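Okay, got some structures for you below.
Below, chain A partners chain B and then partners chain C, in two separate complexes.
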Partner chain A sequence: MEIKTKDYGICYDPSTATVSFVGSLRLSGAEDYAPIVQLLGEVADVEPAKITLNVQQLEFLNSSGINMLSKFIIEVRKKARVQMVVQGSQRIAWQGKSLKNLQRLMPGLQLELL
Partner chain B sequence: MITFRVRTVEQFSVSRGAHSRVMLEEQPSREQLLLEIERLRQQVEDLKEEKADLEILLETTAEHSDSLASELQNRALEAVREGEIKLAQFLEAIPIGVAVLDSLGKPCYVNRAGKQLLGQGIVPLNAVDDLSESYQIYIAGTDTIYPFENLPIVRALRGESTTTDDMEVHQPDKKVPIEGWGTPIFDEAGKVAFAIAVFQDVTERKQAEAERHKFINELFKLKENLEKSLDAESDLTDAYGRFVPHQFLNLLGYESILDVNLGDQVQEEMSVLFADIRDFTTLSETMTPQENFNFINAYLSRMEPAIASHNGFIDKYIGDAIMALFSDCADDALKAGIAMLNILTDYNEHRQNIGYIPIQIGIGINSGSLMLGTVGGASRMDSTVISDAVNLASRIEGLTKEYGVPLLISQQTLERLRNPADYAIRIVDKVQVKGKSQYVTVYEVFDADPPEILSAKLANLALYTEAMLLCDRKEFRSAGKLFEECLRTNPSDPVARIYLKRCRDWRSLLKGI
Partner chain C sequence: MIQTFGDFIEPTPSQEYLIIGFSPSSIPLKQRWRNNGLSADFLADYLTSFFPGNEDDPSTIDRQAEIKSAVSYIANELLENAMKFNDETSDYPIDIKLQLKSDGLIFSVANSISPQAVDQFQGYIRQLLASDPSELYIEQLEKNAADESSTGSGLGLLTMLSDYTAKMGWKFQTVQQDPEVITVTTMVQLRV
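The block that comes next holds the complex of A and B.
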């Protein structure tokens, strides 16, 4: 599964159950984010033992975007058996604070800031 | 645990039967109530969790927004700062002076070049009135302080954009002539926010201008002298041109007669045209010497343009005769000849109108190789043409009188025409070149004949040509018959008449033998 535009790309690797985000996500509102929500939903429905979100190359994410990610975390948390890993980058300013907040939604979430 | 309890209740109800179900509906049992409470508690827990989630979500979103906003602002500031630094670097690097006054007239920026030109940077001023004094700006070439109100930068404070080059900055060791531009910068409300002056050292330019002025004056004098010389030379050349044609000089490779050396010569392929007034001597006898010259000049001045307009030039006048030369193209010579005859027709009409008798001319044209050169001794020199072709042209011209036609050309000329079919041409005779055994055929060109004669000659052309051929074969009897036929339709054909007579003469001569 993959979504690709000239601004951003989202790619799911089933072998590692990793969703990678690249580029700059600045869609306006929940409606525009629906295709991404659907992609994430499909990943969660498979209920792999561990889901990894890699945002190390996501340079920009707007508020609707962080909202979407937060909701996804909540959804995964409800599936007690699924482990969650988020990989971020120290280099990108917004990631430090906002990714830590994801941990508040799911204390078991494993945050790797490189 | 919850699941287990619900299942128990169901089992319980089913085992109790319909009665107890009625009881349950009417009054919930304690167990049911406990169950309900448990369910509600669970709901509350869920809601609490959801509320907590939402709060975190809200905080996350808000914090995310904040961090984005502050990051964007940082980036924007950074970009602005970078821009400012760059701009300042640019201004410093410009090799012309830049100075800025704020809206109150206080200096707030002077770039590096500006500091060099002014000898100082930002100076604290009491009032803009002191600007000229503080920076030692004078009216160029004087010791008068520049009126501050006229400084471009001060005028820019009043909203004007101006330029001036009569400023001079007096530094301790030198005086620097300055050219400056003043420009106001307006704020959004349209008020002057800053006044900018840009200025540069014009020492070199002022020097160059002075030198240029001096140089122009010198050049002007030179040019005046040169013009006088050129006028003199041109007058001289024009005068000579009337005696020795420019074209003749050009053929020798010279611009001016002054360059010509005795013995210069050149060989050229050309056409020679001879034109002569028929019976001029008889005509001449009836006129006074003055009338003679008036007549010749009236005639020649009419003929000259026909030659010049066909790229020819008159090599010389020999009494009433014209000798003209045409480079390369025989068509030019022939067209000039036809044009001369047409001009003559008009001229004769004019002469008849004022009671003079019409004149007739003969034109002969030949083509070939010509030697052009200068001849003479140390004190008398002339241009001349040496060639058999000239002699033949003159002889052919002489034949026009004999055959009573105005225009004859040689075989050599005919062969050099681009398209002989463009002209009305017929064979007339064969002449032997003087001192040589070869014969040259001579042709009549009758394009300039009156229309009725022209069409009659054309109508008879085949007959005439056949007759000439028979004549050539000495079949005089048949030839004569054909000439007779020609004369029946065109009795005024002089050539046919001459040949008819010759045929008869030959026949009687042959009979006699």
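The block that comes next holds the complex of A and C.
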């Protein structure tokens, strides 16, 4: 599964259950984020033992995008058997500020700022 | 009518500032959505020249990256809000101003707002100012996740207060009678 535009790309690797985000995600709201929500929903439905979100190359994410990721984390939280890992980058300042909130939503979430 | 809320300070003469203006009627909102990010990135890029990075001192490079990222995020959120809540029946322009002060940055974004929407927005501002933004932020995320039909995330202002520890203020002003035009100026102060 893959979504690609000139501003951003999202790609799912089923062998590692990793969803990778690259570029700049600043869509205008829930409706525009729907295809990405659908991709993430399909990953959650498979219930792999561990899901990894890799945002190390996601330079920008607006608040509507933060909302989308948070909703996904809350959805995964309901599935007791799924372990959640988020990999971010120390190089990208918004990640240091905002990704920790995902851990507040799901205390078992493993946050790696590499 | 003039009403202010929170940390709103009247602009003082400043040596360094940049203003970008948009006329809402020239191109439909949807088609210029990408302009919000472009304008925000431009403001952020422009500003880095005032916070030079020194290759021999990594802390200056980190600081520059952090300021750039914060300006880009905050300016983009403010512009997105202004475009979303702008009163489309008015041709009052939207503008964003970034001011450089010795101890920080001041963003101010002005847009018109539908007179019918003023009460609800002011109610939301009072709630923001009376709450712990970090708690309200998590509550809002849980609420959004529980409500399938929610369209707006209501997170933009909360992330600025909670993740960027910005100070915020608002000024509402009636700028024209018959037909009534009300503007709101949102001010964000960021220490750097």
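Just a few scattered comments:
The criterion applied here is as follows: the second predicted complex is superposed on the first by the 114 of 114 C-alpha atoms of A that agree within 3 Å, B and C clash if a C-alpha of one lies under 4 Å from a C-alpha of the other, contacts with A are read in each partner's own complex, and residues count from 1 in each chain.
Quick note on the criterion: a contact is a pair of C-beta atoms (placed from the backbone, for glycine too) under 8 Å apart; a residue touches a chain by one contact, two chains touch by 3 or more.
Because the structure is a prediction, the values reported are computed rather than measured.
Because the two structures share chain A, they can be overlaid on it, and in that overlay chain B clashes with chain C. By the touch criterion stated above, A:97 is placed in contact with chain B and with chain C alike.
Of the two partner chains placed by the overlay, neither chain B nor chain C lies in contact with A:36. When the two structures are aligned on the shared chain, A:62 is found in touch with chain B and with chain C. When the two complexes are overlaid on their common chain A, residue A:53 makes contact with neither chain B nor chain C. Measured by the number of chain A residues touched, the leading partner among chain B and chain C is C. In this superposition on chain A, the options for chain C are 40-48, 58-66 or 112-120, and chain B clashes with just 40-48. In the superposition on chain A, chain A positions 60, 62-63, 66-67, 70-71, 74, 93-94, 97-98, 101, 104-105 are in contact with chain B in one complex as well as with chain C in the other. Those residues of chain A that touch chain C in the shared complex are 7, 24, 26-31, 60, 62-64, 66-67, 70-71, 74-75, 91-94, 97-98, 101, 104-105. Residues of chain A that touch chain B in their complex: 60-63, 66-67, 70-71, 74, 93-94, 97-98, 101-102, 104-105. Residues 30, 33-34, 36-37, 65-66, 68-70, 72-73, 76-77, 80, 84, 137-138, 141-142, 144-145, 150-153, 155-156, 158-159, 162-164 of chain C are the ones touching chain A in the complex. For chain B in complex with chain A, the touching residues are 53, 56-57, 59-61, 63-65, 67-68, 71.
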